[in-house]
Structure formats: C-alpha cells, structure tokens
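Below, chain A partners chain B and then partners chain C, in two separate complexes.
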Partner chain A sequence: MRGIEVRNIAKNYGEVQALKNVSVFFGENKIYGLLGRNGAGKTTLLNCITGRIFPDSGQIFVDGEPAIENDSAQGKIFMMGEKNFYPEGMKVRDAIKWTEEFYPDFDRDYCLKLAKQFGLNQNKKIKNLSTGYGSIFKLILTLSTNAPYLFFDEPVLGLDANHRDMFYKALLQKYVEKPFTAVISTHLIEEVSGVIEKVVIIKKGEIIRNQSVEELLSKGYTLSGSASAIDSFIEDKTVLGVDSLGGLKTAYVIGTIDPASLPAGMEIGRMDLQKLFIHLTNE
Partner chain B sequence: MHFEDERPIFLQIAEYIEDGILMGAFEEEAQIPSTTEISLRYKINPATALKGINLLVDEGIVYKKRGVGMFVRVGAVEAIRRKRREAFYNDYIEKVIAEAKKLGLAKEDIIAMIERGYDR
Partner chain C sequence: MNLKSAVKYQIMDGRIAIPVFYLVMFSVMVLFSISVSGLGEGTFATISGLEMATIIFLFVVGLNAFRETFRMMMQNGISRKTMFKGYVITVLILSIGMSLINAVMLWIGKAMVATKDNVLYRSLFEQLYEMRYAGNTGGVQPVLEELMFMICLSGAAMMFGYFITTLYYRLNKAGKIAVSISVPGILIVGLPIFDAVVTGGMIYRAFWRFVAFAFGLLSGPNPYYAMVSSLLAAALFAVFSWMLVRRAVIKD
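Moving on, here comes the complex of A and B:
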C-alpha cells in the first residue's frame, strides 16, 4: 500500500514520553493537517519519520519499505523543518543548487519562479534572512523537490497575511497539477482547515483523532441556553467543555443531535475546526 | 461566500454555483468553473470542490462533458427554484416565526411586515 505507515512508535526524552505507541497512516496524494498543542509531540513524530531522530521502538514504512536508515525510502520524503540544516553562511542561491543535487526531480524553473513571486533575494545569506523569509526560503525548496511526501512543520511562521495566502495557493496549485502527500503541522488552524482533507490530532504523545475534517466537523456541536436547561439536556451526552455567562450556558458536545429533540429556547450551532481542537486538547 | 458560515464547505460551493446559475452568471449549457479553479480561488482542497460539484451532478443541475468540463443542464434554473421553494419554509419561515415568538410578535404583525416589504 502506498503511503507512510507509522507503527507503534515510542520516543522518550529522559522521563518525558514524547511519543507513546503512536500509529498513523499518511495515504498517497492527500493533504493532512497534523495538529497539536505546543509540546504534544508533532515535531518529534515528524523527525522520526524523516530520520532526523530515531524512535526508541516501533517501525516506519514508506510505500511498504522500512524507512529507518534507508536512503531510498528517505529520498521520497522532504521535510521543511524548524531547524535549518544548511551551513549558516550559505547563500540562498547555493542552497537551491545543493538541494537540487540531492533531489533528482527538483524543479529549478519552478523554484526560481516562486522565489521571484515571493520576493526572495537569492543573494542573501541564509542566516541573514528574516523569520518570514527564512520560512519562505524553506517552503519554496520543499515545494520544488517534487518528492512524493512533503512535510511542513510550521510553514507559515513569520509570514504576513499576503504571503500566507500565496503559500496556500502555491501548495494547492502544485497539488492539483501533480498530486502528492502533504502533512502540514501548524497552529493557524482556521487558515488551513479548508486546505487539508484529513486531520490528525496529537495530544501528549498520543493520536486522539485521525479522520476527514468534514467527518470531524459534522460531529461537533455547541448548545446554548439557560444553564438549568443545558445541564439537564447534556447529562447523557459527550461534553468537551462548557462556558458560562451568568445564567447562560454554552456546552461543546461531540455526537449527533436531532434538532427536533431540542427543548424550546435552546440553540444549536456548529463548531469550527479551531474550536473543536481547543476543546479536544484542553487539559 | 464566506466560510465563517457554519455549514460544510462543499454545500456552500454547491450553493454558490446554484446562485451563479440563478443570477445568469452561468447560463444553461454554459460551462461552470472547474474544481481546480474553485479550489485555487477559495483556497480549499480540490476534493471538497469536487464534492460540491458532484452534489449538483447528482441533483441533475450540471452534467459532465468528458474531457471538457462541467456544464449547466437545460432546466437547471427551474430545478433550483423548485428545490429552494421547497426548502423556503424550513430555511426562512420557521426561523422568522421562532424569532417572532421570542419577541412576542403576533402573526398579524409579521403579515403586516411582509406586506410592507412587498409594497416598497
């Protein structure tokens, strides 16, 4: 089966269990969102998949082939990470050439076109790029590799709204022309919620959700009304959290509710991905 | 179209195209935007755009010309109107009545307002 399969991965840092027996599958030609709070284990998971660190136990397969310490499997993956792996004094122009050496399908013309579009100065040294242009530099390289599996760790860090917009468009444009698998780890959930097809939510080193965005959204509700009415109505429901404002109460509920069963005076609403995420990952 | 709207995005896409058909922006037998165009324009996953368009295919509002694209079926305007008329009570009237009851407005008050709206 084509895709990346992570099977029972665990990773500890001293006493801290960064990943606890994580299993997840990233299918071919789909765009995933990998969401989690700070310290949830997103980057650790991505680093394990891309061979930057080794898990303590478990296996990873790329298109059925073991990925750990396997160059041919790793050659199908490119990750735009938080950390730079280019020598600091290297110029953008040279880093492009260097990446081209390692990725035979690298599209140089496309890369230069994007660099121009984003206004990336190729004569600058990587260390002199601003946070925003540091991100832009890395995401342009990532999109240009033409690797079948692209991982984006905080791709829009430091980008202004116009550049973020350009990134999502560039990603989708590339995707519709020649589909690939993208895994986007980001804190800007609402921005990405329409772009991603599937969502993987990680909490304290464990995967708590792995499904299509639409399916997840279809199961989240808000119920608002008087506190007493809400309290009795939600007794038998799966409640993620409640907000109160005086005698008014809003409950965040998972499940399906028949609108006809709602008592008079109670209002039902949907939750967006960010709201659902907040309530699913709250302490 | 604004996706702060709580309904699933694919439904909003389908409705947006229907609106275009009702307003004459996409005439019968004319081509509608492709899933690629919709995906890039609204920065949404192409699978979502496709799902929206497929909904219109299932309802017989658009049809596929192989290798060319999606086209508005003859009779689409009438089909959309019929469908939306049927939904009008649930989508609008029920909400008006619920809000009116909350405010203590009588049936006669609502009817008077509707007449005032039509007279303008």
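Moving on, here comes the complex of A and C:
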C-alpha cells in the first residue's frame, strides 16, 4: 500500500515521553492536518519520519520501504520545518539550485514563478530573511520539489493574511494539478480546516484521533438562536463552549440531534474544528 | 545519483576557500622569489615545507565539514550513510587534486629560483627523504612517491579533522568541556611533567621514535612507511567518525 506507515514509534527525551507507541498512516494523495498542543509531539513525529532523529523503538515505512537511513524512501519526502537547516551564508538562489540537485523532479519554473508572486528576493542570504519570508522561502521550495509526500511544520509562521491566503491557494492549486500527500502541522486550526481532508490529533505523545474532518465534525453540532432559548435547550447537553453577541447565542454541542426536534427560531450548524480540538486536547 | 549530489555538494563547499588558499600560497612564493632576487654571494636562503600549509588547511577543511553539511543533507533527504560515503570520496578527490596542484606549485617555485645557486626551494618530502634519492633526484620515482606521500598525508589530515568535529558534535556540553580541558591538559602539561619527573624523558623519546618509525625515517628513509601509516590513520579516523555519524541527530 502506498503511503507513510508509522508503526509503534516511541521517543523519549530523558524523563519526557515525547511519543508513546504511536501508529499512524498517511495515505497517498491526501491533505492531512496534524494537530496538537505545544509539546504534543507533532514535530518529533515528523522528525522521526524524515530521519532527522531516531525513534527509540518502532518502524517507519514509505511506500512499503523502510524509511530510516534509506535515500530512496527519504527522497520521496520533503519537510519544511520551523528551523532553518541551510548553511549560514547560503543565498536563496543557491538553496534553489541545491534543492533541484537533490530532488530531480524539482520544478524550477514553478519555483521562480512563486518566488516572484510572493516577492521573495533570491539574492538575499537565507539567514537575513524575515520570519515571514523565511517561511515563504521554505514553502516555495517545498511546493516546487514535486516530492510525493510534503510535510509542512508551522507553514504560515510569521506570514501576513495575504501571504497565508496565497499559500493556501498555491497549495490547493498544486494539489489539484498533481495530487500529493501533504501533512500540515499547525496551531491555526480555523485557517487550515478548509484545506485538510483528514485530521490526526496528537495529545501528550499519543494519537487520539485519526479520521476525516467530516467524520470528526459529525461528532457534534452548533446551535444558534436567542440566548434564553439556547440556554434552556443545552441544559442537559455536553457543551464545548458558547459565543454570545447581543441577545444571540451560539453553542457548540457534542452528540447528535434530530433537526426536526429543534424549537422554532433555533438553527443547527456544522461543528467548529477549533472548538472540538480544544475540547479533545484539554487536560 | 544521491551519492553524486552529496559529493558535488561537499566539494563545492570549498569553492571559495581553496582558491583563496592557493592565492595566498602563490603570493608567498612570488614574494619569496622577489625577496631573494637581490641576495648577494655568500648569503643563503631556503624556503621549504610549504606543503605543510596544505595539510593544515585540509585538516581545517575537515574540521568544518560536518555540522552544516549534515543539516543540509537531512533537509534534502540524504542519509547519513550517503553523506559519509560522499565525504570519503571528497577526501580522495581533494587530496589528489591538491597534491597535484602542490606538485605544480613546487615545480613553479623551483623554476623561479632556478638561476640562483644560493637559494634553495625544497618540499617537505625532500626534507624528509632526500637521503633516499641521493644522486637520483631527477627521475619520475621521486615525483610519484612525493605525490603519493602528499595524497596519503592530506587524506589523514582531512579525516582527523572530521573525526574531531563529529566527536564534538556528538558530545554534550559537559563532554565538550571535559575533552577540551583534559586532552590539552594531559598532552601539554600532565604528560611532559610526568615524563620529566617520573620516567626521565622516556615517553618523549619513545613518542619521537614512533613518529620517526611511522614516517619511515628509521628504515632507509622509506616514504612508503609514511604512506601506510597515513592510510591506517585515515582508515582509523574514518571508522571512528562513521561510528559517531551513524547515530547523529539534528540539534536545534
């Protein structure tokens, strides 16, 4: 089966268990959201898959091949991380040249087109790029590699709203033209919820959810209506949170409901991924 | 394909440092030949052992060859095994290439002072092994042997530098401090004092005797001893380096 299979990975840092027997499968040509709170183990998981660190136990396979210390398997993955792994004095254009050297399917024309679109100065040294442009530089390289598995670890760090929008559009356009597997690890759940198909939630080193966004969101619903009607209706229900605006209220409720049983003036809507995430990952 | 790219990257890493190094070396040669051009009779001048600069340079290249390259390779999906193989091939290419350039520079240097009887331009190899070629300095054999000697020595220097840098990369902060203090402390202070006070200079004499043996100075002199010793040292440092590299991880 094509995809990245992680089998029973564990990783400890001294007394801290960063990953506890994690098993997960990232299938072919899907966009995943890897969600978790700070220190949940997202980056550790991605670093294990890309061989940057070694798991203490467990196995990782890429398209059925063992991934650890395997050039052929690792050549199918490109990861943009928060940290910059390029040499101190390297310029953007040199990084483009070398990425093209290591990834034979690299699309230089596309890369230069995106660089122009985002206003990335290729003559600048990577270390002199601002946080936002550092992210843009890595995003452009990642999208241009044409590797079948792309990992984005905090991809929009430091990006303004316009650039974030441009990135999501570029990602989707690329995906439509030539599908690939993307794993997006981020804190900006609301933004990414419109892009991802499947969601993997990691909590304290353990995978607690691995399902499609639709499936996950079907676990609950939102109710909107007058504050008094909402308050009385949700009394006996599991409520994740409530937003109030004037006399109106929106409640985020766990469970299912028959729309026909709703009182008049009350509307039912889709559950909010961020609210659900907060609920699932709270202590 | 990956190996080729890993070699290319590691060789290209020295694309600025190597030309600058040779520019400096060539400038030294030119300055020397200018400064000795006005020497009167009865005054002698010697320039020798410029190749030592190459050995030291390659040792420094080895010292700087790991951290940034490792991060770059990890970023681009290249395994530690391929990166290390790439480094060994880079060592071979640079050792051969720079030894050849040195041979040409030696020839140029000698040509520059050829008309001067009171100026001597000698290589490190000639200094060590001139007795071997007494009366036969013009043949192909000395040139080839000098070339092989320089290649082996350069390779050992690069691997030694790489071993030190990988060792420091793998050590934690306390380990780095311990090695940085204890190794020079023992070699520069502890051992000489112990040798002078307790063993009466035996260690010092044994050490230099070992060096002379390893360089073949006790046997002829014979440069093949030095070649074999250098190759053994390079292989030993390569094995130690690989043991350190194979489990190295990215550090923030």
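Keep in mind that, in the parts below, the second predicted complex is superposed on the first by the 234 of 283 C-alpha atoms of A that agree within 3 Å, B and C clash if a C-alpha of one lies under 4 Å from a C-alpha of the other, contacts with A are read in each partner's own complex, and residues count from 1 in each chain.
Criterion: a contact is a pair of C-beta atoms (placed from the backbone, for glycine too) under 8 Å apart; a residue touches a chain by one contact, two chains touch by 3 or more.
Every value quoted in this text rests on a predicted model; they were computed, and no experiment measured them.
Chemist: Between chain B and chain C, which makes contact with more of the residues in chain A?
Modeler: Touching more residues of chain A than the other partner does is C.
Chemist: Scan A:214 for contacts with chain B and chain C and give back first, second, both or neither.
Modeler: In the superposition, A:214 touches chain B alone.
Chemist: After lining up the shared chain so the two structures overlap, which partner does A:172 touch, if you call chain B first and chain C second: first, second, both or neither?
Modeler: first
Chemist: Look at A:103 in the shared chain and tell me whether it touches chain B only, chain C only, both, or neither; answer first, second, both or neither.
Modeler: Touch partner of A:103: chain C, not chain B.
Chemist: So in the superposed three-chain picture, is A:258 touching just chain B, just chain C, both, or none of them (first/second/both/neither)?
Modeler: neither
Chemist: Counting only touches as set out at the top, which of chain B and chain C does A:71 meet: first, second, both, neither?
Modeler: second
Chemist: Is A:87 contacted by the first partner chain B, the second partner chain C, both or neither?
Modeler: Only chain C; A:87 stays clear of chain B.
Chemist: Taking the superposition on A as described, I'd like to know which of chain B and chain C A:269 touches: first, second, both or neither.
Modeler: The first partner, chain B, only.
Chemist: Considering each complex separately, which residues of chain A are in contact with chain B in the first and with chain C in the second?
Modeler: No residue of chain A touches both chain B and chain C.
Chemist: Can you list the residues on chain C that touch chain A in the complex?
Modeler: Residues in contact with chain A: 1-2, 5, 8-9, 68, 71-72, 74-82, 247, 249-250, 252.
Chemist: Going by the contact rule set out above, which residues of chain A touch chain C in the complex?
Modeler: Touch list, chain A to chain C: 47, 50-54, 69-71, 74-79, 83, 85-88, 98-99, 101-104, 147.
Chemist: In the complex formed with chain A, which residues of chain B make contact?
Modeler: Checking each residue of chain B against chain A gives 3-4, 6-10, 35-36, 39-40, 42-48.
Chemist: Inside the complex, what are the residues of chain A that reach chain B?
Modeler: 31, 165, 168-169, 172-173, 175-176, 194-197, 214, 217-218, 269-270, 272
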